[in-house]
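Please go over the structures that come below.
Each of the two complexes below includes chain A, the first together with chain B, the second together with chain C.
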Partner chain A sequence: MSVSSPRLRPAPRGAGRRRSALLSLSRSTPLIPALVLLVVFLVGPMAFALWGSLTNSALSGYRAAKPQFIGLDNYTALFADKDFWNALLLTLIFVFFSAIVGQNVLGLSLAVLARTGSKVLSRIVSALVVAAWVMPEIVAAFALYAFFSSDGTLNAALKAVGLSGVSWLIEYPMLAVILANVWRGTAFSMLVYSAALSEVPPETDEAAQLDGTNSVQRFFLITLPIIRRSIATNLMLTTLQTLGTFGLIWVMTSGGPGTRSSTLPVLAYQEAFKFAQVGYGTAIAAVTIVLGAVFAILYIKILKPEVES
Partner chain B sequence: MRYRTLGAVAATVAAGLVLAGCSTTASGGGDTGERTITVAYQKTSAFHQLDDLLQKVKPEFEAANPGVTVDLQPIESEDEYFTKLALMNGSADTAPDVIYEDTFQLRSDAAAGYLLPIDDYLGKWKDWDQFYDAAKEAGLGDDGKTYGVSMGTDTRAIYYNKDIFAAAGLPTDWQPESWDDIMSAAEAIKAYDPSLIPLNIYGSKSAGEQTSMQGLEMLVYGTDSTLYNTDDQKWITKSSGLTDSLGFYEDLYAKGLATPLDLALDNTIGSRVSTELLPEGKAAMAIDGSWLPGGWIEGENAWAGWENTIGLAKMPTQNGGGDGFTSMSGGWTLAVGAQTTSPKTSFDFIAMALNQENSLKYDTENSQIAVRADVATSDDYLSYNPTFAFFSDLVQYTHFRPATPDYSQISSALQQATESVITGDATAKEATAAYDAELTKIVGAGNTEAGD
Partner chain C sequence: MTVEIATPAVPTRPPARKTRSVAAPTKRGARWFANIALVVIGIAFLVPIAWIVFSSVDPAASVSIELPSKITFDNFAQVFDFDLTIRPLLNSAVISLGAALLTVVVGVLAAYPLSRFNLRFQRGFLYGVLFGSCLPITALMVPVYAMFVQLKLLDSIPGVILFMAATSLPMAIWMLKNFMDSVPISLEEAAWVDGASAMRALTQIVLPLMRSGIGVVFIFVFTQAWGNFFVPFVLLFSSDKMPAAVAIFTFFGNHGAVAYGQLAAFATLYSVPILVLYLVMQRVTGSSFALAGGVKG
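After this line comes the complex of A and B, so read on.
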């Protein structure tokens, strides 16, 4: 930068800068209460959790009375634990199949079908799908447990048509919880995409139709690019929601059999509250937070032009 | 306008925080005047006897102590009772005054500072002399102070269905002499009717302490190994007895002689054994505690004629060595919470709940082995339940769990090892190695020694 430029217009710039700084400070004053609330109720607990993960705090015993600071010991133990890597892998599988593939693709398909199908049918289907979503998590989880359990609805239905059932929650625990999460979460994606699709101007569609495109081409070349921002937002929301799913898995399989459906939140609960090692469990929770942040940053980076444009 | 709204919100939040800060000191208390004591205890579909007892004592205690309100807080959980208790103890607002506490958890919770030493009160309680020494020891913390009053003790054995045994061509006065005898009986039952569960032995994490005590430890203490060397105060790693015990589970599941996994891993398995699997004749054998008949004698799970169907067999040692038989004993206590503001009132409540009359009620209805001399020797007690003689007799073979504050965590590691074997995730050897690693993590390498 040239040294002469301040000399050229010294006064206005300095004062202007100060004035605008003052102005922006006074303008952001109303944000201070919100900021304080965020720090107290969001950053505070997170910092406290981070601190907890550096101690050997327990639910009972001497370490409950006097937890000690043990530095990164919990994390070194965690990264050496094959259960943790297993849980990380299961979490990624769970998120990929139930949120990214299941909820998004199914939600979008339902939204598209609802637009093109008969009004009455689409309303009935939408109502059914949304019913799964408005149910409290614990109720949905028990309903799905009753559906998949050995003497449950699914096996009864299979038996009625002459097929022998399987112990779904024992033989295919991951499949069961993935299907359960798809069942429960699809409505959210469907609603987001229905709203997005209704914003697609019919003129562009008609214009493309006149150009001789078929409906598949129109969907991929016209509709998808127009709703891409909704796709980005929805991917992010469903991923983060699914990453934190606990009640559904806990009720259906308790993370079992063994550790075959122990995702990170389940493992964290197990270590902290079943095995009473609160510090260690908190370390797992901290890693889950980091994983969520990684997903969020990835989406923002990859889809940045889409989100900002 | 917006500023004012935000200001109002901020003021409300600030006031809320101040109020929250105050409420911890506003709970009131003391041992005179108006006061409330909360009693935290467990209640499940198969365990209502304690609830019955406390519902009876509450009005009696309130009548005898004007100004006192007894707040009964049942925790309806089979597998997460201690988690909920620990969380309640985390804050003075929710910490109970009287706690129903398992003896294995007592040392741990005393070390955590959740329990109050009650030696001073016990010294002035004339009934305390009636308690057997072993029962007094069960209430001791690591520091030698007494933290709980024993409600009764228990032993464990094999329940078997005599009707099924007869139909399968097995003797109805069956008494196995080794693990192999149990295994061959189970095979005979499977051969007779493959839809039956030949033997229920708890093996899942969700069954909690039942898996450790009614399951794995009934096997381990029947081998030449142990879990904890009391003389050196060291925990045993590389235990061949533990591997053999896990191997028993491995065989049982490999041969299809155990409770199917969907049932075994369910967190209601404990209640279902006593209310469903045994009474409905779905399981032929079950290793379980002496309290089961309590639920069959009366209550909503009453089972008329149970004594004609159920046979009892002592649990044999691995190869019939040692004393030939083994058992495990535990028991529960009533303890005073450390954060109580009414310690004397809380203790007085325990003293009333466990006086001669009430101990008799509880020990008979819940099939406990009485620990008060004036109950154990009374005709009312002895004539109540035909199984008392059998289970009391097992005291000569019985073992106690290691009395250390970290036992409860180690017990969880045992449950994890057992579940990994029954689900086929690990062999008995691998599970033992995983347990050793977990154990070392909990107690430190300096507190372990290699077994045989």
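After this line comes the complex of A and C, so read on.
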């Protein structure tokens, strides 16, 4: 009958719906500060994004104080804008190659190698990978900017083996920021996969070994299916973290040359703050949030059992 | 048990030794392959980090990595200036401490009823929290700026703290609820029988039992706030309010091309505190997986 069923101090039977509603309400008072913060600073901006994208809001002056409602004009302009489609494509390329392929494959490989290789060596390598992840984004961005710049370490190394260097940040800006993001973010996948692999029961592997399978077959046919939930969770999380990458790209290329590396967050920033088109920038933000929401919902579907429990 | 990698051809060993373990001959090859791969990957991760360390003590640092001809602390001495580094680092500390404290206090309060009672909107709220914890926050920055214009919160450090606390709150509530779920209820029930209020039971019994969990969440939020570049970059303008992340960016824009040594010294001063905090957290939890573990739920 009653919807709320307190685990402690059960309400007396027959006390009625109203009493249990009151109890539920009084018990949730400690939630109020969290609710206020979340509603004002998280739900608020999202509502603002949807409303703001329907206005011609500007950065300063009259249009900033009194933006006018212009309906779907920002979206019509957005969908007709070559830069937007370019940014959407670059964002998908960035997420696919740096998160889904790069970080996941390298993270899983590192987790596997650490179990096979020497213990001391794998501890040192893990520490380096984690350090790249823990250090502040801006510091990582500078270190990688230096690595890829024309007189940087990469070209110096290429010259040392007799190859001629390239201006990576100008000729291949997307390749540089993708590799940079793999460098920065692989630690997360590595940690998730090492934990997942350590939970694979050794018996299954040994049994398969007796059946005469080789190690590659065992890895793809036994280990991977066992850790599939971790793989799915990790794919979603790395995708969502990568979707919002700004600092790394901004420091390394500023979205350039031209618009050759401006992903959606970079384009939204440029439109809003460089060209003072806040309404237009907000429409880009709204599209990015919707894109993120789709992935977030997929991720929640995977985690569903944990909320229900 | 080890998961093996496809191995390059290795000389076959005499069958007599093979009887010891079925996998023995390929195992050694796999180990060699794994070690070589680890060294190659390790070098790729080491080089950009080593560039910062070497450049910070090199009197003539360039954009390419090289061993310093002599070691000097001049770069550190030159950037050790109140306006240039100390105030930004203090601002970072104020913002990160503020955001971490606020998140932990509000998060613990919210986690308590979620962990101890079955509230009628429990599922909806938890789904909302999970959803909020995965959203790409950088996508929100333009609307947040527009909203801060209306709220008159632009260029205010408390505004930045409130926003950062709100963005870390979903993850913090999720982690704190999980930590609190592992504290047995029976202890509180005993306290309740003795007439203690729910708040008293929380502060006297539950919190002391989950202090390492609280430590993890605190350090997690602190680290995120300390490293955050985009939020203060958009929401603050006055140079005396800038945290280190933005100050380094500005410094680089003004001097970077000529003073890589100083840039690296500043970057080192700025990175060391959170690397130390991460090591502390590893000690507290006994595993480097703490952050990712909390994320996984």
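To be clear about the criterion, the second predicted complex is superposed on the first by the 254 of 309 C-alpha atoms of A that agree within 3 Å, B and C clash if a C-alpha of one lies under 4 Å from a C-alpha of the other, contacts with A are read in each partner's own complex, and residues count from 1 in each chain.
To be clear about the criterion, contacts are C-beta pairs under 8 Å (C-beta built on N, C-alpha and C of every residue); 3 or more make two chains touch, one makes a residue touch a chain.
Bear in mind the structure is a predicted one, so any value in this text is a computation, not a measurement.
Does the superposition put A:86 against chain B (first), chain C (second), both, or neither?
neither
When both complexes are superposed, which of chain B and chain C contacts more residues belonging to chain A?
Counted on chain A, the partner with more touching residues turns out to be C.
Go through the superposed model and pick first if A:56 touches only chain B, second if only chain C, both, or neither.
In the superposed model, A:56 contacts neither chain B nor chain C.
Tell me which partner A:213 touches in the superposition: chain B (first), chain C (second), both or neither.
Neither partner.
Touching A:122 in the superposition: chain B (first), chain C (second), both, neither?
A:122 sits against chain C, while chain B stays out of touch.
Answer with first, second, both or neither: which of chain B and chain C does A:149 touch in the superposed model?
both
Answer with first, second, both or neither: which of chain B and chain C does A:33 touch in the superposed model?
Both chain B and chain C are touched by A:33.
Looking at the overlay, does A:167 come into contact with chain B only (first), chain C only (second), both, or neither?
In the superposed model, A:167 contacts chain B only, not chain C.
Need the overlap of the two footprints on chain A, from chain B and from chain C, as residue ranges.
Correct list for chain A: 30, 33-34, 37, 64, 149, 273.
Touching chain B in the complex: which residues of chain A?
30, 33-34, 36-37, 58-62, 64-65, 77, 149-150, 167, 169-170, 254, 256-260, 270, 273-277
Hey, which residues of chain B end up touching chain A in the complex?
2-3, 6-7, 9-10, 13, 80, 82-83, 86-87, 105, 108-109, 111-114, 204-206, 260-263, 265, 267, 405-406, 408-409, 412-413, 416, 419-420, 423, 425, 441
For chain A, which residues are in contact with chain C within the complex?
It is residues 3-9, 21, 24, 27-28, 30-31, 33-35, 37-38, 40-42, 44-46, 48-49, 52, 57, 64, 106, 109-110, 112-118, 121-122, 124-126, 128-132, 134-140, 142-144, 146-147, 149, 151-153, 155-156, 183, 188, 191-192, 194-195, 197, 202, 205-206, 209-210, 215-216, 218-219, 223, 230, 233, 236-237, 240-241, 243-247, 251, 264-265, 268-269, 272-273, 278, 281-282, 284-286, 288-289, 292-293, 295-297, 299-300, 303, 306-308 of chain A that touch chain C.
Provide the residue numbers of chain C that touch chain A in the complex, in ascending order.
On the chain C side, the touching residues are 1-7, 22-23, 26, 30-31, 33-35, 37-39, 41-42, 44-49, 51-52, 62-65, 105-107, 109-110, 112-114, 116-121, 123, 125-128, 130-132, 134-147, 149, 162-163, 165-167, 169-170, 173, 185, 188-189, 192, 198, 223, 226-230, 233-234, 244-245, 248-249, 252, 256, 260, 263, 267, 270-271, 274-275, 278, 288-289, 291-293, 295-297.
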